[in-house]
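To keep things clear, I will list the structure first and then write my remarks on it.
In this document, chain identifiers A, B, C, D, E and F correspond to the written order of the chains, with residue numbering beginning at 1 in each.
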Amino acid sequence: MESGVVNNLLGAIGALLALGASFGALLGFAAVKFKTEGNPIVDQVNALLPQTQCGQCSYPGCRPYAEAIVAGESINKCPPGGEATIHQLADLLNLEPLPLDAEHGAEKAKTVAFIREDECIGCTKCIQACPVDAILGAAKLMHTVIASECTGCDLCVEPCPVDCIDMIELPTTVQNWSWPLPNRGALIATDKSSGDLV
Amino acid sequence: MSTIYSFHGGIHPAEHKTESNSAPIQAAPLPPCLIVPLSQHIGLPAKPVVKVGQRVLKGECIAMADGHLSTSVHAPSSGYVSAIESHVIAHPSGLSATCIIIETDGCDEAIAATPHPDWRSYEIGELLGIIREQGIAGLGGAGFPSAYKLNSDEIHTLIINGVECEPYITADDRLMRERSELLEQGIEILQHITGAQTVLIGIEDNKPEAIEAVRTACKHRDWAVVSIPTKYPSGGEKQLIELLTGQQVPQAGIPADLGIVCQNVATATAIAQAIIEGQPLISRITTLTGECITEKGNYEVRLGTPIKYLLEHVGYARDQSQKIIMGGPLMGFTLPNLDVPVVKTTNCILAPGDNELGSETRTQACIRCGHCAEVCPASLLPQQLYWYAKSQSHEQLKAHNLADCIECGACAYVCPSALPLVQFYRAAKGEIKEKSIEQRQAEIAKSRFEARQARLERDAAEREATRAARKAEAKAKAKQDARFAGEEDPVQAAIERAKAKKARLQQSGEADSVSSKLDELKAKVERAKFGLEQAQSSGKEEKVLTALSASVQRLERLLAGEQAKQEQTQEPSE
Amino acid sequence: MIGRSIIQHSVALAGFAAICAFVLALTHSETEAPITKAKAKARAQALAAVMPPSLYRDPILDEHVVVSGDNSTAFIAPGTKILRARSNTQVTGIIVPIQTPEGYSGDIDLLVGMDNTLTITGVRVVTHKETPGLGDKIQRNKSPWIDSFIDKSLSNTSESTWAVKRDGGAFDQFTGATITPRAVVKAVYGAIVYARDNYQTLFEAPLPEALLDISFTEHQQTNIISQLGYWEKRVDGTFYAE
Amino acid sequence: MQSDFKELTVKGLWSNNPALVQLLGLCPLLAVTTNVANALGLGLATLFVLVVSNVAVSLVRGLVSNAIRLPVFVLIIASAVTCTELLMQAYTFELYEILGIFLPLITTNCAILGRAEAFASKHAVIPAAYDGLMMGLGFALVLVALGAMRELLGTGILFADMQLLFGAQAETWRWVVFDDYQPFLLAVLPPGAFIFTGLLIALKNRLDQHFASNKIARAPIEAGSKRARVTGVIR
Amino acid sequence: MIAEFASLLLATVLVNNFVLVQFLGLCPFMGVSNKVETAMGMSMATAFVLTLASGCSYLTYHFILAPLNLEYLRTISFILVIAAVVQFTELLIRKASPLLHRVLGVFLPLITTNCAVLGVALLNINKAHTFLESLWYGFGAALGFALVLVLFSAMRERLAAADVPTVFEGPAIGMIAAGLMSLAFMGFAGLV
Amino acid sequence: MILQQVSSPHLHAARSTEEIMLRVLLALLPGIITMAHFFGSGVFTNLVVACVAAVLCESICLRLRKRPVLIYLKDYSAVVTAVLLALALPPYSPWWLITIGALAAIGLAKHVFGGLGSNPFNPAMVGYVVLLISFPVQMTQWTAPSTLAANPTAWDSLLAMVGSEAYDAVTMATPLDLIRQNNGLMMSALWQHYPQFGRFSGVGWEWINLAFLAGGVWLVQQRIFTWHAPVGMLAALGLMSALFYDGGSSASGGSPLFHWLSGATMLGAFFIITDPVSGATSNLGRLIFGALVGLLVYCIRVWGSYPDAVAFAVLLMNFAAPFIDYYTQPKPYGHKPPDADK
């Protein structure tokens, strides 16, 4: 090879070597010095999840799912949160909202667990199953659900040996009723496939 | 004469007051049955203090106020309590709520009243107590318990709201004309209770007779009777305060923050009656008007009177009208049906003719013309609220101060595209409220979940520690070869079997759903029976045994039913 | 700990960088020759558009004359490099870069090639900001209009016909756009006039006799202002009538 | 394995197309698609870089630690780009000049780094190369489609200037589609680039809708089959 | 001098807007323009990095590559420089102002693959800018980017509430809106 | 018995969208008539072709979006758009030009964004600008006003509309174009030399602008829109031209009066920037919106390469309108600091 070529080659290698080495040093320094302790985004994601703690997302609870999302899991696996949560997550993470993944279940109306007290045998299995300690009762005594604490995750239903737990929908009352958005009939049509909004 | 300020926006719809304001107030007849809802006001429903079948007298307290933000409810006439049950009430949802139903006996026998003509000598607390016990809630708007509202310190201005800005309604107009002395006494009591130095009485200038009457009644007082220009919604509390004082109630605040209290004229009169005459709130003046009513006018109506009864009395021709509105045409709501009763806030029943309120216009797209923003008394941008409510962008709605919307309907009134704007806002407000409740619940659930996880971890750690200790011990004892005879738990065994069964079912794939349901039920019965036997043999507590046997019976019933159903469905197909 | 991490990372990264550099340097050395060739070819092609290769022998176009302050004009700023083509020892042609501010929107940069009889051998627009679809027809790839200058010279086109047809000249204007072609014609004419005025410096030879005969006034009078009889004077880049 | 490649093909060319779906590499997409020749030139260059960098990344994927993963990938891509640059400069010089800075800017085409990260760094060489090929083809096809649309509407001509890419014999490919055409200049100006890309994306959405409505029902998915136990073993 | 710099700024911000006219930095332009707040964060981060990278790449080119005749290594060394600048910026901000880091942190990594940054570095070389001009050009480019990004994000928030036909929803309508914006920006042609 | 249930209010004022649009059309009439007086029947052929094309395009779009076509057409928004587009185009434009403009306006600028009320950009101006940059040759051919050259006959205008070669109108540069290209002339010399200039601005243009001004003032009085945007625009335009008008040197860009009464100023101020859909929302926002339009119009007219900049200025500000809205929300009731009034 000509000396010009060799010189050029050496120059190129030298220059990039220097750049690479200094950059690598910087990164190496950063990798140790600024190790990320806890990811604030996980908290933000977790705050958007409904905290039903039902495991339908295939993670044991909302926080694990939040962590998985930050690590790249798709955002459409939480049936209790449904469309609304997916949209919020998409917003936060700058992703395209996806439809709910049916493999994880469907979006249902909010329910609470109700224990038919005269059938309860007091086995405490539901207490163990409840992720938010919403069931009161001691061994061999009747158990009761604190409706205001119950997230409706239905995890207590399956373990009950005598099937005395029902998931019931909360009734609409004058207090919690609100106007629905105007319906389609009276209004102009729309392009939104889902929508009965104007 | 005090200065009149002005507020942003407002509209001038046709007034339609003359139809009903010419005749004096008449008494409405006593209906055979009164339906008295326990919640006719904002706050907690009252607690019933009567039993079904009990005879009650007119003015007798039938439900007590439940706490401070609540008022009592009284029997509007004498009769028997026939039921305490859920009944459709006057609410836009058309839902039901608990009502006390009284069969009137026609005697209209009243309970002995305790008048307080010497009310000046009472403590303010005592007066407030009387107001609450006599069931006074705001008669002008939302039905806010008056005692609660009046119980504020540092009030310097009392505003009496005789504006009555909505079209059609004339109840306050007639009241001011006919009962101005009582009103004057009521205002005096209110001034006494609140300690206000200034009293401003606001009346729209389209009610000259009322202004005159009130001026005459109050001529020896240093109160200002202010005639304000007719414009909707001058009667809104916040707007009236701005009109009369030039001040604005701070966002998310109440008039008391400015040292102001605002009461409706009818409320003031009711308070005078309650304190001076000892009469509880059992009736109110209601305007009955609209093309479908022949005898339009103002009626003194007992609370609890079914609307149907009332309308029949005033010559309502039923099927002309598509809707009956409780309240005025701008703020009122349509009734789900005619069985609902009159309540404390029923100032008007409007039965409009087919085209009286304008023919149905077709909704079009919002063209952002901005007319709505020009009339909004809250200085909001209704069109933006509409777009964001439609797309359910709650963040944006909050940024555009949806919460400050008073739902007056001025925007929808002027909207050239005839959009149901107010409904959008109400729906959005409901959604936001629901969201915030959910959010709060999620917070609670999260902390409880985390607490539980922590506890479990702690327990596990402890168990691990003891296990380690025990292991060491066991090692020492290993040579001694002491075997523990493990007694199997019957419940555990049953669960085991059920699980096995479930697994089997799952393996067998998608079995016919009916038969698998049957199988499941059968399995459940088996399981329950087994559990019962086990429990019996191991001598469990009686309570457990009864519970188990009850469940066995229930399951058997279910099974039998299911089997019958299945046979039925199979037969015709064969 | 930190030290080790730094060393590890920097060595790894530097290693990769070195490999990349090696690959690149190899590619570079392989392509260097063809690139130089391609560049030269491209340049030759570009120049051929304004100066036929027959006029000069490779690689003569490296030669240039720098315009000094004294002999600059409105179109030709001081410091402009005028390329010279040479065949044997004789200067056979020049390529004059000129700029005119009289386009519809902003400056137009041109290259004007001419031979030693001051006959145009080609004109090309280098940059311009004229309206697309209207004024941009001065680009060769949009319209062949610019080729209408070829073979025009002071002798075959009289002073008054160095103008667009609307102004009574020999050159077409475009539909809807007169200003742009007017500016270009004026600029090209300015280049020729400049070459005539500085013939000795540019061509290292005296002005040919044929050209001596042609008389022309100080400035070509296509400008409407001159037609109106106003006297031009440049004050802060604007014109004032006096 | 067969189905894997099929999936990669579908993803690259259609369902996960870098330009129309992921919206990556937009700058060159809009900037150089004024005619087919430029579009094809940049498309091929990108395709080449994508394949080379995918292969290289896949080769070194075991060797780099997390902290310097990205810089290494960027280095690899930049080298591939520079090689392409040098080669184009040597053999298609005019095209190189026309593409201008958009050739070196292939380096920052997020689609390439995206593929290196998401696919090549997790797969073996062959699939990685195939993925690069398909993604690159998908990108190039969109470039060419857009270039054709804009060239046709903006000038009424197709395949002008192909000689820049394929040498002198391609000069005859120039096809005057409409004689005496009133050019719709918007198409070749910057706004046209955005608008036509938007229309192209809408067209793809429309076709997707069409396919979705025509598709035979897929095997039903079992709802809720992926549930996890939150509360551990229940004793 | 000042006039020259002002006109350079005007030219880069409006007339030759990086995004709408020169087609640089489009991916983040389409990607992070859904909300005004994020757009603002991105704009700030980009402004900082663009200016800094512009200067650094100038130095690299003129003091390392040009003397060594290694111009062909400009792409690879610029991208290294940019990555380093981004990383450095992140460290600096993290150290100096954790608050600012919370706001900008998410966007910094995105900037490495924003071709406006590399574009500025390359254009500086092409246009033979001086060091100061390079800095100023980078700043102007960032300003132009920020301007359209923020305005576009406000518009997209409005579009989100509009009744856009389904086939046009999302990126398609964003593109078309950007096209009309670019149409509007043609009005600035010839201003400088 | 179940009664019909709807949310309050149950009362509606009578004025509907179509009424508003019809009033806008009515207010345009004086301007249209004046324009036809100066430019001849080509104004009408423009209008007719634009309306037909726009309504057709609107129907097709509505059909594609599965909306009831007739009901939607009745809001007349397509007609308003078509009329404004037609007025912005040079009279005697060929049919295909107008049709492409209408297509761009209704299809691209309106329905793609969701139809009436959703379009962020003014449709008519999008149509105009698309044509201007796509077909600059046709778009820069303004007929000479009737006082300077004989008006083409109605037959000529038909010929022109079908794009016939037989028709060749007398076209000349508009005054705005001449000012931009002042060739270094003093203002007074310009006025003397070119017959296109009238008393204050262009021949014909003065009256056309006054007629549009009259229509616009009537609309303000009818409360179709508020005064904020037009006043903002005219004030800013006047201010800028007053600031840079140095009495008539060749560098100055025309007097305020010239700018107010030239080109599309009044049409823009009262009919284009008041388009509620694509403008700013609040009154303050509209004032700012208008003022910035005025500023941009002046800058582009005088220093840019488009002689009449209304369309570009409007589109640029349409683009900024949502952002203006972001910062110009009116203070709602109760948001004032508590003792601001004291």
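A few notes on this one:
Following the convention adopted for this analysis, a residue touches a chain if its C-beta (ideal position, glycine included) is under 8 Å from a C-beta of that chain, and two chains touch if they have at least 3 such contacts.
Predicted, not measured: the structure shown is a model, and the values here were computed from it.
Path length between subunit C and subunit F in the chain contact graph, taken as the least number of steps between touching chains: 1.
When chain centres are set by their Cα atoms, the one at the greatest distance from subunit B is C.
The chain pair B-F and the chain pair D-E differ in C-beta contact count, and the higher one is B-F. Between the Cα centres of subunit C and subunit E there is a gap of 34 Å. Inter-chain spacing, taken between the CA centroids of subunit B and subunit E, is 55 Å. Between subunit A and subunit E, the centres computed from C-alpha atoms are 34 Å apart. Counting only residues that touch two or more partner chains, subunit B has 92, 362, 364-365, 390-391, 420, 423, 426.
Residue positions 6-7, 65, 108, 114-115, 117-118, 130, 133-136, 304-305, 325 of subunit F each touch two or more of the other chains. Multi-chain contact residues of subunit E (touching two or more other chains) are listed as 31, 72-73, 76, 80, 83, 157-158, 162-166, 168, 173, 176, 180, 183, 186, 189-190.
On the subunit C side of its complex with subunit E, the touching residues are 17, 20-21, 24, 28, 105-106, 129.
Touching subunit D in their complex are the following residues of subunit E: 20-27, 29-31, 72-76, 79-80, 83, 112-115, 117-119, 122-123, 126, 166-169, 171-176, 178-180, 182-183, 186. Residues 8-9, 12-13, 16-17, 20, 23-24, 27-28, 31, 34-35, 38-39, 41-42, 132-133 of subunit C are the ones touching subunit D in the complex. Of all residues in subunit D, only 182-187, 189, 191, 195 touch subunit F in the complex they form. By the touch criterion given at the top, residues 365, 387-388, 390-391, 393, 396 of subunit B touch subunit E in their complex.
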